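Two complexes, one shared chain (chain A), two partners (chain B, chain C).
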Partner chain A sequence: MRFVRRYLIPRLIQYVLVNILGITMIFILPRLMPNGPVEKTVAQIQDRGAYTDPKAAEQTVKALKELYGLDQPLITQYVIFWRRLFTLDFGPSLVSFPTPVMTLIGQSLPWTFGLLFTTMVFIFILGNLFGGLAGYFRQNRFLRILDGVFMVLAPMPYYIIALMLIIIFAYIIPIFPVGGGYTIGAPIGFTWAFIKDVLIHATLPALSLIIIGTATTHQIMRLIVQGVNEEDYVRYAHIGAVKESTVFSRYVMRNATLPQITRFAMGFSGLFSGALVTEVIFAYPGIGFLSYHAILTSDYNVLMGVTTLSIIALTTSTLLMDLLNPLFDPRIRLT
Partner chain B sequence: MNKNSRILNRRDFLRLVGLGTIGTLSACATSTTPQVTSTPEVITKQIEVTRLVQGTPETVVQTQQVVVTATPAPTAAPAAVQVMGFNRAETVFIQQLTGTNATPTNFNYWAGWRQQDRGMQQVMNEPLWVDDFEAGKEINALAADQPSYSADFKTLTIKLRQGMMWSDNTEITADDLAFTVAFIKATPAASYNASVALQVDSVQATDKYTCVIQLKKPNPRFHYENFVDLWGSLWIMPKHVFEKFMVNGTVDTKSFFAFEYNPPLSSGPYKLSSLDPAGKWTAWVKRDDWAKTPTGVVFGEPKPKNLVVVDYGDFTSRVISMTRHEVDQIDLDLPSIRAVMKADPSARGYYEKGFPFVQSNRHPGVGGVAFNNLKVPFNNPDFRWALTLAMDPISYMTTAYDGCAAMNPLPIVVNGPQMIKPYVEPLVAWLTDFTLDVGGGEKVKVWDPTAPTRLVQSAIKRGFQFPTDADTIRTSFGYGSWQYNPDAATKLLNKAGLTQGSDKKWSYQGKPFSFTVLTSDTPGRWAYQNALAAQVEWQRFGLDARFEVTTDSLRAAMGQFDVFGTQTHGSNYLENPDLFRTFTAFNTSYLEPTLGKRQFGHPSRWTNKRVDEILNKIQVTDPNDMATLQPLGMEMLQIFIKEMPCISATTSLDPYAVSSYYWTGWPSGENHFTVPYHHYPNYKYLLTFIKPSGK
Partner chain C sequence: METLRALFRDTRFSIGAAVMVILIVLALMSFFSPYDVTVWRLVPRDQPPSPEHLLGTTSLGQDVFWLLTAAIRNSILLAFCSAAISRIIALTVGLVSGYLGGAIDRVLMFVNDGFIVLPQLLILTLLALLIQENLSLLTLALLFGVMGWALDARFIRSQVLSLREREFTYTAILSGTPLYKLIINEYLLYVMPLTLATLIGNMIWVTGMEVTLAYLGLTNVSIPTLGIVLHFALNYQAILLGLYWWIFAPVGAAVALFVALYLLSQSFSDFLDPRARIQRVGTR
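After this line comes the complex of A and B, so read on.
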């Protein structure tokens, strides 16, 4: 009970407050922008050299504001927003009116989630494993070569790697498609043919993310392991003739992985903001493009939908990590 | 592997991983196209070209000599190559200009922006009229004839073609048109509502194929503003689909805006086949009854069975897609066009012979930079002319378009078929003697008729090939440009109140003078390239001009800029020499005089009393009454040139590459029989001219 009263309840209150504050910020901030979605829609038409009579343009602006509910006082809009939020309804997209924001997110999120979650898991396993090995077995020739390769890859701009993969595997050795989520015209369904098609299309985007992500994680993990290696309890284990594999797995890796688990959890918020560059280069469907488009067009509702989910994902994963940490680190006591 | 111990050693493990990887990659490998093995060669031969005469169905067959790049045959052509699930020989693949669809399942065009270049305007819809800026006239699509106005321009009668069918086999009649106008008028926030509601008094179908629209005020251009499709217009709605939203003249707006209209009905020769819920592509299939569409009646059968409109991603992915023969026509920038031509002998830009790669002489919009005419010193014509003469047109064109674009310094499309005789030739004659007072009574001439020739010579020096005869240069590169005259520019700057210190830096009103050249476009796009080239020229001249890129598309409309890369005036329709649409945004009634407040007219906020008077006269003049319009138009053009509120540079460029690997007969600079762009409404007509290559 002490745990509940002194830790869990304050932590949950903090969780709720952070969410309310964050979500309120994302309600207010886009509305502080000088130009809203309606004005930008009208500007889009004029960009093509077709000028509208000012009276007609003003009438259009007025009618669109009424239609979108943007003519109502800010406080009313805020109340409506919260009322909708409890049913996970972010209202209609203002630029793709009247398509509900959740429909747009629903169309994009599975692609991003599938791609980014899979790559996150791969990156976590490969980066930490190789980084851990490289940090522990510092004299191993293979691991030193691998370390060198990752040192070159880690600082490289992501798009260079992505373009390189496209040029090699879609042009020089054309074994993968240039882009897209699946073959145009392919019937969508839970069939092996479709799944295989999706996997083939996801290979290059995933590979590009894995290469950069693994290289970075590897570098971080190597440094952590090198640090842990110098700890007294590791030296003591060596002196005590504890088996090398036990020292590596139980003493070093287990401790070194702790910050990486937190980092992994923090990465969940990224699932909802997407990987815009990946999506653009590989013409891959996803939520990054949706967010980017919403920012450019001041589509408040889409922006709020995507960022709200991102905030909730981040705060929830952090909360869960705080609560689950004792499972990974027995030294922590929630009392 | 050690069989005895069952322990996988490191080498065995690596070997297995290697074999597994190779096996996986082999399983994933798809052979999309036959591989070309022989070396391409350039040959010269006589070919027959089909030329569309002035946008009418009448065709003539000509024989002309052209250099074509031979495409080597594949070593082993399969019977039917399947690309992306379609029989490649029956399918045309094109890029979607506006990229990924934000509303992939929604085709309700009347309820908002639906990225109609996903195929909706190219092949799904037939408007009443289509603007053909290549031929310089309107094509009667669903309309049987040109619009008929009453003498007071308050009654518009539209006759529809008979026997045209929606794709559900319902006839398209005047009831549909009358319903559309009434519906849009009654639906605030619907596309075109403001224009229709403000102008239309009543609408009636007087018989099955005749619709009469009564206007509140005289307007001889009502059909241009609403029904002539240049890149979108008020399309006719199928009444039998949409009438459920209108009861007793009142529209159920909530239901209407929520209606996705999916699948949509087609009035054009193709209907929706399938789409990507994530918005990356839309596929269209030719209607069995294509002959009952205006395209079928006027031009004949479109050749491809399918059209697929795709977002191929960034330029690198697009180039690779084209070299893999996965796409037939695609938007690229100039370097990408040259890259794709190098990699694939069947690909080219607009010109069959290569240089100058892009169509830049007939696009209806003219791009350049606009000055903020409400800010000092940009409100001073001397200053604006100084900046004009401080730019070297050759290096400007090289920076902006790699020297591949036509010079279009006049506020009009200089090679627009209907513009040459009434305006361009008289203007060029006038400009030959036109002088500017640069101060102290000194007058300088500003017109340089040799600039296009020098641009071509500069390209030839760089290794490109292009004919050097005056006519060809004029057609492809324009009539001339403003002189590069740094001396005159300096004197004009002094006249405008700027001073140059001993350190060569310019000051204005006692303070160091710098200004920003703004663009809201992306690299490669014409507005960005114009802004960049202007800034480079002014920097080179010695002015402290800075380049700024913004993602805020409203900065210009709010007047938050000094100089802005944009269209320098409204788009021409180019089907007649009427300049009303070109200049109407400069009318004082469009002006918002306070910077920071939204301007609905041209972002330059330039106005002129005499131009107002001319525009008011033109507004009530028949657009075909050239005897009245020509002198008024000339006067307006001359005022614009004298004042120079914007510097026009070239027509808006939409560079693209086209492949003749699977389809041949595309329009080109040498054979420009129809609008060549794959995102324009004219594309359905173009598809009747192309032919399968037989691969």
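After this line comes the complex of A and C, so read on.
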């Protein structure tokens, strides 16, 4: 009972409030901007070179505002926005018109999920293993070189790594395709050829994510392990002549991996926004690519949908982590 | 002086500072540029590096070297301005929230949590998309400044929380020091090193965000920054045409800037507090 009152309820209240705050912000911010989606759409029609006389343009603006429901008072819009949010209805896409936004998101989600989940598992294993070893065996020459490499890689902006990979593996040594999720025109189905095709296309994007992610995780894990090394129980184990490998795996790594599990789970929050740059660079047909296209074509509804979902994903995974942490880590007291 | 000497004993700091000085010298050279970098077709197009054009020329007829100096200047300026703006917000929120506590603290930290969970890249994308044509360096700096303060405000707040319990606080209050004097004269000094360390960290974040937005073509393309130079190079298919100097120049400069800032922030926070290292790497 004490757990529910002191731990669960405050966190649930905070969860709801933060969601309301975040979603309200993305509702209000675009409405404060000088030119909204309507003006953008009209400007785009004019960009295509069609002559529009001012009167017609004005009427278009009026008609579009009515169509999008932007002529109503702000409060009414806000209420309608929330009511539709509960049914996960973000309206139709403005560019591929009658298709609902949710259908588009549903089509792209499996690609992003597959890519992110695979890379996250790789990053978790590789980063923690190398980081743990580097933190524990600090004199090892090979690990020190690796450490230096990761130290340069870690602060590197992501797209530069991606760009390098494309230049090297798609132009100079063309063994991987430049981009895309699968060969255009290939028959889609659960055939071996198609799966192989998808895997080959996913290699470069995955590799770029793994390199940068492993470097960052490695840096953090090394510091955590160095911290754990100083603990009294590790010194005690050394004095008690516990085998070195046992100290490393049972005493140090087990304790150091705990905070990393949190980071692993938080990775899922990036499902809707994290892979934007990757997918744009590699033209990978996931959520990021969808939002990029929405950006280019000012497809406002799609952007609102993706942003809202990513806020909910982020807050939900934070909440789940808060609730699950005591299960992983018995040292956390529920107060 | 003593502090500086101690900092320079760290190799990472010396390397970072050296690279930073080179970049700043390059940035200052942009004021002596023989070409107006915003004007196209001033020099022959697609020329490889030569004594005349140190880093070659672009397909738009710009000299890559002088373009790069202007880009470095704008990028560093932008990073510094937005980091400074967000530091001011973070300091105000952290000091007020940490010292006053109570209801004000709860409200501020609630807003703070709200900002932390926002998907920053997407929201910046959404906003940049809408005001793209009117984005000057200043508005862009404001935009980044407003988005980038939340996490650091929390660090500052937690430090103030511990300062509030120190004896000198009680002495000051009992001897009748006004609140604003206590905060400015006493607390600010303690919080300053942490603020400086987060300033560098924030500059890395801003530069990364700016290059990402520019890369996606969302910022004002008429102001050359590292991201914009890269954007043009990719848009004009520099890789495909083999104009490697055009693409490697901004990439190299960006890498140098990132590594220099990262080394500086690492050695700086090590210098402040060995335990802070974990936090610094974690907040990227």
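Annotations for the structure displayed:
Note that the second predicted complex is superposed on the first by the 312 of 335 C-alpha atoms of A that agree within 3 Å, B and C clash if a C-alpha of one lies under 4 Å from a C-alpha of the other, contacts with A are read in each partner's own complex, and residues count from 1 in each chain.
Following the convention adopted for this analysis, a contact is a pair of C-beta atoms (placed from the backbone, for glycine too) under 8 Å apart; a residue touches a chain by one contact, two chains touch by 3 or more.
In this text the structure is predicted, and so the values were computed from the model without any measurement.
In the three-chain model built by superposing on chain A, chain B clashes with chain C.
Residue contacts after overlaying the shared chain place A:Leu163 against chain B and chain C alike.
Contacts of A:Tyr233 after superposition: neither chain B nor chain C is touched. In the superposition on chain A, contact of A:Tyr171 is made with both chain B and chain C.
Of the two partner chains placed by superposition, A:Trp82 touches none, neither chain B nor chain C.
Once the two complexes are laid over each other on the shared chain, residue contacts for A:Val280 go to chain B and to chain C alike. Shared-chain residue A:Lys40: touches chain B and chain C both. After overlaying the two complexes on the shared chain, residue contacts for A:Leu17 are found with chain C alone; chain B is out of touch. With chain A as the common frame, the single stretch of chain B that clashes into chain C is 333-341; none of the other options in 207-215, 333-341 or 585-593 do. Within chain A, the residues touching chain B in one complex and chain C in the other are 34-35, 40, 163, 166-167, 171, 280, 295-296. Residue ranges on chain A touching chain C, taken from their complex, read 14, 17-18, 21-22, 25-26, 29-30, 33-36, 40, 152, 154-157, 159-160, 163, 166-167, 171, 216, 219-220, 223-224, 227, 272-273, 276-277, 280, 291-292, 295-296, 298, 303, 306-307, 310-311, 314-315, 318. Those residues of chain C whose C-beta lies close enough to touch chain A in the complex are 110-111, 113-114, 117-119, 121-123, 125-127, 129-131, 134, 204, 207-208, 211-212, 215-218, 239-240, 247, 251, 254-255, 258-259, 261-262, 275, 277-278, 281-282, 284.
Looking at the complex, you find that chain B touches chain A at residues 25, 28-30, 32, 84-86, 100, 102-104, 106, 111-113, 188-189, 193-195, 197-198, 230-231, 253, 257-258, 273-274, 276-281, 283, 308, 310-314, 316-317, 320-321, 323-324, 326, 364-365, 551-554, 557-558, 567, 569-571, 584-585, 589-590, 592, 598, 600-602, 652. Listed in rising order, the residues of chain A touching chain B in the complex are 34-35, 39-44, 46-60, 63-64, 66-67, 93, 95-99, 104, 107-108, 111, 163, 166-167, 170-171, 174-181, 183-186, 188, 200, 203, 280-283, 285, 289-290, 293, 295-296.
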